[in-house]
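For reference, chains read A, B and C in written order, and residue numbers begin at 1 within each chain.
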Amino acid sequence: MSLLEVNHLDVRFALRRGDVKALRDVCFSLDRGERLGIVGESGAGKSVAAFSLLNLIAKPGYIAGGSIRFDGQELTGMSDRALRKIRGHRISMIFQDPMMTLNPVLTIGEQMVECLKAHRRIASREARAIALRKLEQVQIPSPEARLDQYPHELSGGMRQRVIIAIALLLDPDIIIADEPTTALDVTIQAEIMALLLELCEKHNVGLILITHDLGVVSQVTQRMLVMYAGRVIEQGPTREIINDPQHPYTQGLMNALPQMATPGSRLNQIPGSMPSLDNLPSGCAFHPRCGFTQRVDGSERSACRSQVPEFVTSGNCRVACHMVAEMLERERIPAEETAR
Amino acid sequence: MTATATAPVRETAAPEAIRPLLEIRGLEKRFSLSGDFLEQLKFKGGKLVREQEYVHAINGVDLEIQRGEALCVVGESGCGKSTVARTVMGLLHPSAGEIRYDGTRIDDLSTRALMPYRRRMQMIFQNPYASLNPRMTIQQTLEEPIRLHHPDWSQQQVRDQVAEVMASVGIAPDWGKRYGHEFSGGQRQRIAIARALAVDPEFIVADEPISALDVSIQAQVLNLLMDAQRDRHLTYLFITHDLAVVEHFGTRVAVMYLGRVCEVAPTATLFATPRHPYTQALMSAIPRLEDDRPQHIRLEGEVPTPVNLPSGCVFHARCPHANARCREEVPALIASDDGARVACHAVEEGRLD
Amino acid sequence: MSTANSSIESPPVTSRWARFRDSYLLYSFKRDLVAQISLLAFLVLVTVAVLAPWLAPMNPYDLAQIDILASELPPFWIDGSDPAYLMGTDAQGRDLLSTILYGARVSLIIGFGAVALQALLGVCFGLLAGYLGGRVDAFLMRLADIQLSFSTLMVAIVVGALVKAIFGGATFSDYAVPLLVLIIGLAEWPQYARTVRASVLAEKGKEYVDAARTMGLSSRRIMFRHILPNTLSPIFVISTVQVANAIISEAALSFLGLGMPETHPSLGSLIKSGFDYIQSGSWWITLIPGAMLVALVLVINLLGDWLRDVLNPRLYKG
């Protein structure tokens, strides 16, 4: 059994016009020490997915169904008190904006000590020693001095390192990182990502990395989910998806990257934009933008319009697409016939 | 002004064919950090002294942009690339240096004298959510620049022009009655591009026009900008931090660090053989889709604040190849035979090979 | 070109009315009982005040209608009342109900008039200070500080004394309404100027203002056509509070004898005129106009609070 198992998770936002389904039928699992990437454009629901794991979704949002099992415990419906023991302790989070986590009026050391004392019965001196060791682990120059500095005295990259040190403070099993390097410059981003990767490997910590950057995902994670309009549409080993994406949306996303076109030529754009969650198209949410709703012979595949696609297994990947399902079906029948 | 006196000499010297559309010479921009006069007064050693601190956003930038090309300026946050764009557009006044447009110095022109240039140069902004006036309809937004620059046009002419520009950027005519907030980020950026194109400019400054957009939308907007360049013979000054976009879009690239240009080169040359140590580090840091985990060049420390500029080469504190000369002497941009110009003592001395 | 695609995804055109019907303003109004009652009460008060000449049983300004013998009659629920005077009469024998209706009219005229003047001055100065910055900003804001350090009372005393000294007391009485509008308007414009300046500074940093500047638009057009419409919500919110404040200021000035003369009473001067009789048992002459003043100011403040919650620029996403 995996360390974290999410099954058929539904998250909704109770708005005045009725409920908006922010996440629908999200399933994934994470083993100990595994690194999972969640990729999608803004509005795809990737941050909601991460926040709902620890029941951190803000008020109008609520978990409407499904289960989140962490180390044998069911997290949905767990009391806030019990959840707080897991939050920050066994599962910690890294946000895009370090100032969201860091309190501007406390020194780095005070914040780290406070965090340790909240979860463990520990002497201040000992807590400070642990804090110092964690700062050393994240390769901050002169860690001793940093303990007595305030967050605003550090640069953006340094702050994100402190955040990582705080996330590691209680030796968690899983770190959820929500766009941890988006606000940073490329050279700093590369260093932070390398550091995160190194630490996760060394301490056998699981990582859920939420990002819109396919390049980052391909370098850091072992498996990935691609989300579109609140659903997971493709998941599998990162390498396989990057090298051979099955879902037309994943393909479109990859082909739209400037790296994929000859310099100066037109890029392969996906027409239109992601639908808003309160006004989803029928059937497959991607069908109005999809270039594959027609079969090769020109006939219309009506299921794309009318039916929400189920997951089909293609190699090591699972894809929610009628076209892929149809292709697999076609491959399977001749194979069975020859076998007979 | 002395500069205007020398201008005609230069204009006759450079025929239009080779004269760059935009020339930036020795551009500097400082922002005062010290507030007003009273706040600058400090009591030191028994004396009242006036102290002023500055952020040195740009420190001596030389660039020229040829007609029809797309010059991309790349660099990390705080390197001054946006300040260059805003100074060129006249949103900021340069502290020193000059900007010439089509041979005429424009940075010291009066508002009235600048008007013809305002029509020829347009700007596209980063944040499509803030660049449209929330209280104006799309039609009003697009009509405003046309009415301003063509006061003699009839209502019908203005409408025709708006319809033409809307069609050319892929905006349906019925968008006109709506307000900006009804559209998605990509759609708003289309509208902002339409506003810039409405007065038929020849030069467009685009300040991170696609950074705030999603990947699939980035491709749409980039295509739109490239189509517009081809159809309208535009010249771009394109500010971005995304090297992948630069490689695709740029004719030439200028890499900036801490308010200075470290390297200017044709795009293909720069990506094939980056010379400046900073350019090399920057290129190695791009996350790639390829399997192998590439070794990026680790730079020591982080970008220093532009308040107290380092002496000598601005990059020396983080440069793995820095020596005593780099710490003292500011390197000049030196042209090499393949069209690239690099400001680095190590490159000049051949220490890097 | 993706023209076809973009036209498919474009949102449906909505009329102004439909937008209002879907707006957050109306939605939160429908759910807020206090706001509904306040608005209703406010509309009733304004209507009766505006229609005073037609609704009031008698004209308190018309000396011919006043019967001095019917002075200090109590309201209808107290023994000794006269059914002709529903709310009783004041010391000069004027029908109190009519006088209150006319008085509320005067108070409202001064309140709205003064706020209009404050808004005009404050918005112009705030726009100039915020948009131009630098010395203009420093000068205008110091001016505002100086103005704020004089209380409304001081301004009233100075202006009142000057007008009375130069033109005589009778002229002051004749022009009391415009003069009070001028006094309260002058005394409190800095509130507007500061609010407007703050939101102008916020708007000025947005890119649509830069876009307008690169277009070559004049500063005046950018200020009034681009920035001003985007600062309307805070202006709207403080206007409600300011109307209530102006009505209170006027009442205070009148109570002190610096405002409306008793021949042309506002709510404040009515309260003052009754104040002398409160000891002799005729409490209604003071308390009934007082209750009217409290009600008026309260509903305006409640409406203002609700508006501020709804339009709070930080919470409101438009």
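We take it that contacts are C-beta pairs under 8 Å (C-beta built on N, C-alpha and C of every residue); 3 or more make two chains touch, one makes a residue touch a chain.
Remember, predicted model here, so these are calculated numbers, not experimental data.
**Student:** Looking only at C-beta pairs in contact, point me to the busier pair out of A-B and B-C.
**Tutor:** Taking the two pairs in turn, the one with more contacts turns out to be A-B.
**Student:** Of the chains shown, whose Cα centre falls closest to the middle of all protein Cα atoms?
**Tutor:** B
**Student:** Any idea how many Å lie between the Cα centroids of subunit A and subunit C?
**Tutor:** That gives a centre separation of 53 Å.
**Student:** Distance between subunit A and subunit B based on Cα centroids, please, to the nearest Å.
**Tutor:** 34
**Student:** Find the geometric centre of each of subunit B and subunit C from their Cα atoms only, then give the gap between the two centres in Å, rounded to an integer.
**Tutor:** Result: the chain centres lie 49 Å from each other.
**Student:** Using the touch rule from the top of the page, what residues of subunit A touch 2 or more other chains?
**Tutor:** 269, 271, 273
**Student:** Can you list the residues of subunit C that touch 2 or more other chains?
**Tutor:** 2, 5-6, 9
**Student:** For subunit B, give me the residues that contact two or more of the other chains.
**Tutor:** Counting only residues that touch two or more other chains, subunit B contributes 187, 220, 227.
**Student:** State the interface residues of subunit C toward subunit B in the complex, per the touch definition above.
**Tutor:** 1-3, 5-7, 9-11, 13, 138, 206-208, 210-218, 226, 229-230, 318
**Student:** Tell me, which parts of subunit B touch subunit C in their complex?
**Tutor:** Result: residues 36, 86, 89-91, 111, 114-115, 118-119, 121-123, 125-127, 130-136, 144-145, 148-149, 167, 170-172, 174-175, 177-178, 181-183, 187, 190, 192, 195, 220, 227 of subunit B touch subunit C.
**Student:** Spell out the residues on subunit A that touch subunit B in their complex, using ranges where they run on.
**Tutor:** 41-42, 141, 155, 157-158, 185-191, 193-194, 212-216, 218-219, 239, 242-243, 252-254, 256-259, 261, 263-264, 266-271, 273-274
**Student:** Give the list of subunit B residues in touch with subunit A in this complex.
**Tutor:** Those in contact with subunit A are residues 76-77, 184, 186-187, 214-220, 222-223, 226-227, 241, 243-245, 247-249, 267-268, 281-282, 284-291, 293, 296, 298-299, 301-303.
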